[in-house]
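Handing you a structure now.
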Amino acid sequence: MTVLMVLIRRELSLAWARGGGALLAVGFFVAAAVMLPLSLGPAPARLAAVSAGVTWVVLSLASLLSLDRMFERDFDDGALDLLALGPLPLEVVAAVKCLAQWTVSGAPLSIAAPVVAVALGARPEAAPMIFVAAALGGLAFAFLGGTGAALALASRRGGVLIAVIVLPLLTPPVIFGGAAISNFADRLPWITAVSLLAAYALACVALTPFAMAGACRNAQS
Amino acid sequence: MFSALANPARFMAFSRWAAPILALVAAGLIGAGLWLGLNAPPDYQQGDTVKIMFIHVPAAWVAMMAFACLGGASFISLVFRHALADAAARAVAPLGAAFTGVALVTGSLWGRPMWGAWWVWGDARLVSVLVLFLLFLGYLALRASIDDEAKGARAAEILALVGLVNLPIIHYSVQWWNTLHQGESVMRAGGSALAPVYLTPLLLAGAGYSAAFGALWLARIRSEVWRRRATSLALRAALA
Amino acid sequence: MISALKIEDLAIQRGERVLFRNFSLEIAAGEAVALIGANGAGKTSLLRAVAGFLRPIAGSLTFIGADGPLPADDARRAVCHMVGHQDGLKPGRRAREELIFQARWTGGDEPAALAAAARLGITRLLDLEVRVLSAGQRRRLALARIIASPRALWLLDEPLAPLDAASRALVGTLMTEHLDGGGMILAAVHDPLPIAVRTVEIVG
Amino acid sequence: MTVLMVLIRRELSLAWARGGGALLAVGFFVAAAVMLPLSLGPAPARLAAVSAGVTWVVLSLASLLSLDRMFERDFDDGALDLLALGPLPLEVVAAVKCLAQWTVSGAPLSIAAPVVAVALGARPEAAPMIFVAAALGGLAFAFLGGTGAALALASRRGGVLIAVIVLPLLTPPVIFGGAAISNFADRLPWITAVSLLAAYALACVALTPFAMAGACRNAQS
Amino acid sequence: MISALKIEDLAIQRGERVLFRNFSLEIAAGEAVALIGANGAGKTSLLRAVAGFLRPIAGSLTFIGADGPLPADDARRAVCHMVGHQDGLKPGRRAREELIFQARWTGGDEPAALAAAARLGITRLLDLEVRVLSAGQRRRLALARIIASPRALWLLDEPLAPLDAASRALVGTLMTEHLDGGGMILAAVHDPLPIAVRTVEIVG
């Protein structure tokens, strides 16, 4: 087993324990979706009109859960120091952490999302796009969330900072994703929005690990 | 020029006269731009509200420029560990926030007569400018919340670099989405769509705002340098 | 494998305060150095600087290999083992998972990890969660990690504090073996180590 | 200053730092509200129809943020032991923790909620009820979340447990609150729904501290 | 104020394993007991049982006041101070906030907390975040807490490990003062304490 695989396995199991993994995120998401019609009262038409958009927003929020602790534990208990002395650079470690986070929460969420949206009354045709948007968006959320978490490490006010730092960065993918979903459902051109979302997600995956590693080193020093 | 100014002593000598001169230039350009602009004929569609343009558009330009400067200074500070670059980054953030605030407020004032609403959440340009504003605030908050100054500086620099992605999004937002906001009209391929009566004062005001921004920035960097000298002196005194 | 660590005229600053200046030290293969000094003198900070976490404000740190100086960052990833005040063990995971991961991460493998656990007498504890271990058992787990994968330079921060007498003697034996194999030890301590060492004091 | 005041002040400041307090929850909430129209596209009518209900659901999610860590930190770093040796019983400590959590996030959220709902197009008449429901509901969420957090302390899979334990308990207040808001806005009888919500919240406040204290003692032993 | 702590035939179990049985010990006012034993023998567990965190499977723990035995839980809340392996200090808060809170929580006040900090030589550090303190400074902060509010029974788990020689001597002085005032100390240690104590060994 290569050392990368060893790292991936560990991070997956930590991510699972940390946030409750798939179960918490999906549970949270499904609960929100169930609560929505309950709190709106039974008016299928009203609901159906917004179901895809609402699903997307709730999803983006659900994927933020427990992101803030991505580096904090490792930092506090010294594990980050040990990771830094290993064979792989911290950039890779940071990327693996984010991917693990995405795997245990983003991926299950993106499978749950189309199901929930359709159950709420979205047109089934929109489902594939909801899945794609959720998967790509989740990737961006995980990496941006990780960046915020790493930047907040050195500070006494972790949580607040993560909000202030991450939320603005999350807005573009939410917009792109929302546009992709609604355009797709309305049979309008959707390629641009999806490409933008994909580009944003890929840029996050490619660039934020450097930011995260830099932020971790800064906090460790 | 940058490498020459990288030396703090030389920078202080340069900025000592450059800042006031820029301030004078700014006053002249903005004065001329506004005078021409306010005396321009009312627009056939927009009426007199078109005159908000001469405040709004340059402020929006400078706000974006400020973030680009923040990113550039942060990059230099991060890579070359240059103290002056860090001072420059720290100095530009509140300025940028202020210009962004002006763009938001004037845009909003303009939006009321034009679109019938102060604010439209669905509009990508408006939202992305708001995001820019929040990024400036985030930068300041991050810096302020870390006790160790060097660490705070470094963290904030990283954030500034990450935030740079927002710039192209603001600029292209009008193309990527169907926004209510004006499309590109000044700097677009195939020449400006604006009539010269509006274009000239707008460009004058734009140059003036930029000069004012430069003057304020230099002044703030100077005071930042002084502040650092003072703290290190105080520290030395305390330790002695 | 490195043959020496050379610290020249090092100065370290934390926050606004310079902890020490002009600290020089050379450790050759097979040598152990005990770092002493008052609380807050900067022992931990020095160890962290050697491990690359702190950037000194002056001076140099050189890892010397068979053919001269090595690039510091690569050298660190290949030769440094660190056991700090914080041991990096996750309370919620089993001792076995933690030990095997950390051994592999630094270049060891599972059999080596289990052998190290046996050596330190914690085999019986491997299926417990780290959180239920006693302080001394937990420290032994942290030490098992550095036995499990061979690296030349051990950076230890008060390694023996929570250990009982028998374990201290055992760790003494392990240290001797490490030194005999050409290893190096730099340990910050308040109590003497159970092996013969050169003692260096940090003064601010 | 009495020892209770000392405890309250500390817990407020910890709650503020832990979850980012008010700012994170409110930021999260406002962001969600902002993203909603972005992802739906600007179609005010569609949005207005569901704004109150969506606000309520997003609010309930926002108030769950960082709840899971209410006891974990204190447990890991030994502070819970010290608290247990103080003059007040752990039941009081647990209740104070939950109230602090509510003060820094639930209360600001319940002020933000009506504003956001109206900004999204809800009828202004519904605002008072949104405020009441958010305040009462927030209380229930804080105490139930705390219970889940305390129960999960001794386990390796904390997050999952919280999901499984807390989400079902949260459903009733969400339903009552949603009914109260929509009935109030539609000028239907709303007293029953609000009373149920209040009763549920008070029951949580009165009973869960015992559960939390018991769970903490169990984890400490 | 209590005049004695009486432990009779105590047996403690952790997980499936009984750590020890029939452990008896009596500590009178003004007396210090050093608890020794191998790693995992159950020293920490015994301290936690005295503090009321663990329920013994057999035997009794009695706090004796001026007029005979006291209800155990109330007595604990009034007389026990504990400094464990984990010190309960929050890394992100300032030393001053932590010290003052903990002093008040156990019945002291702000002036007493500041006096205790001065006594332990950490006044200068009070405005730092706990996270940047060195291990010894942090331990001194934890100890300042118990100086700041007078309670009769100190339960200490390896209190001196991270301290330098000067601080150890100082803590010795503070312990003597505590004992002279009628206090009691029960400390789990691996290294001898700087004061005269009765030593009791835990054997499984």
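First chain written, first letter: the chains are A, B, C, D and E, and each begins at residue 1.
Here is the rule we go by: a contact is a pair of C-beta atoms (placed from the backbone, for glycine too) under 8 Å apart; a residue touches a chain by one contact, two chains touch by 3 or more.
These figures come from a predicted structure and were not determined experimentally.
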item	value
Central chain of the complex, centres being mean CA coordinates	A
Chain at maximum distance from subunit B, centres defined as averaged CA atoms	E
Farthest-lying chain, centroid of Cα atoms versus that of subunit D	C
Between subunit E and subunit A, distance of the C-alpha-averaged centres to the nearest whole Å	45
Between subunit D and subunit E, centroid-to-centroid distance (C-alpha), Å	37
Approximate Å spacing (C-alpha centroids) for the pair subunit C, subunit E	30
Interface hub residues of subunit A, defined as touching at least two other chains	17, 76, 156-158, 160-161, 164, 167, 171, 175, 179, 221
Multi-partner residues of subunit E (at least 2 other chains)	85, 91-93, 129, 132
Residue list for subunit B, restricted to those that touch at least two other chains	124, 127, 147-148
Parts of subunit B lying in touch with subunit A, wherever the complex brings them together	78, 124, 127-128, 131-132, 134-135, 137-138, 141-142, 145-148, 151-152, 154-155, 158-159, 161-163, 165-166, 169, 176-177
Touch list for subunit A against partner subunit D, complex	16-21, 23-24, 27-28, 31-32, 34-36, 38-41, 43, 46-47, 49-50, 53-54, 56-58, 60-62, 64-66, 68-69, 156-164, 167, 170-171, 174-175, 177-179, 181-182
Touching residues on subunit E, where the partner in the complex is subunit C	14-15, 37-40, 43-44, 85, 128, 132, 134-137, 140, 157-158, 161-167, 190-191
Residues of subunit A defined as touching subunit B within the complex	147, 151-152, 154-157, 160-161, 164-165, 167-169, 171-172, 175, 179, 192-193, 196, 200, 203, 207-208, 211, 214-215, 218-219, 221
Residue ranges of subunit A in contact with subunit C within the complex	1, 3, 6-7, 10, 13-14, 17, 73, 76-87, 217, 220-221
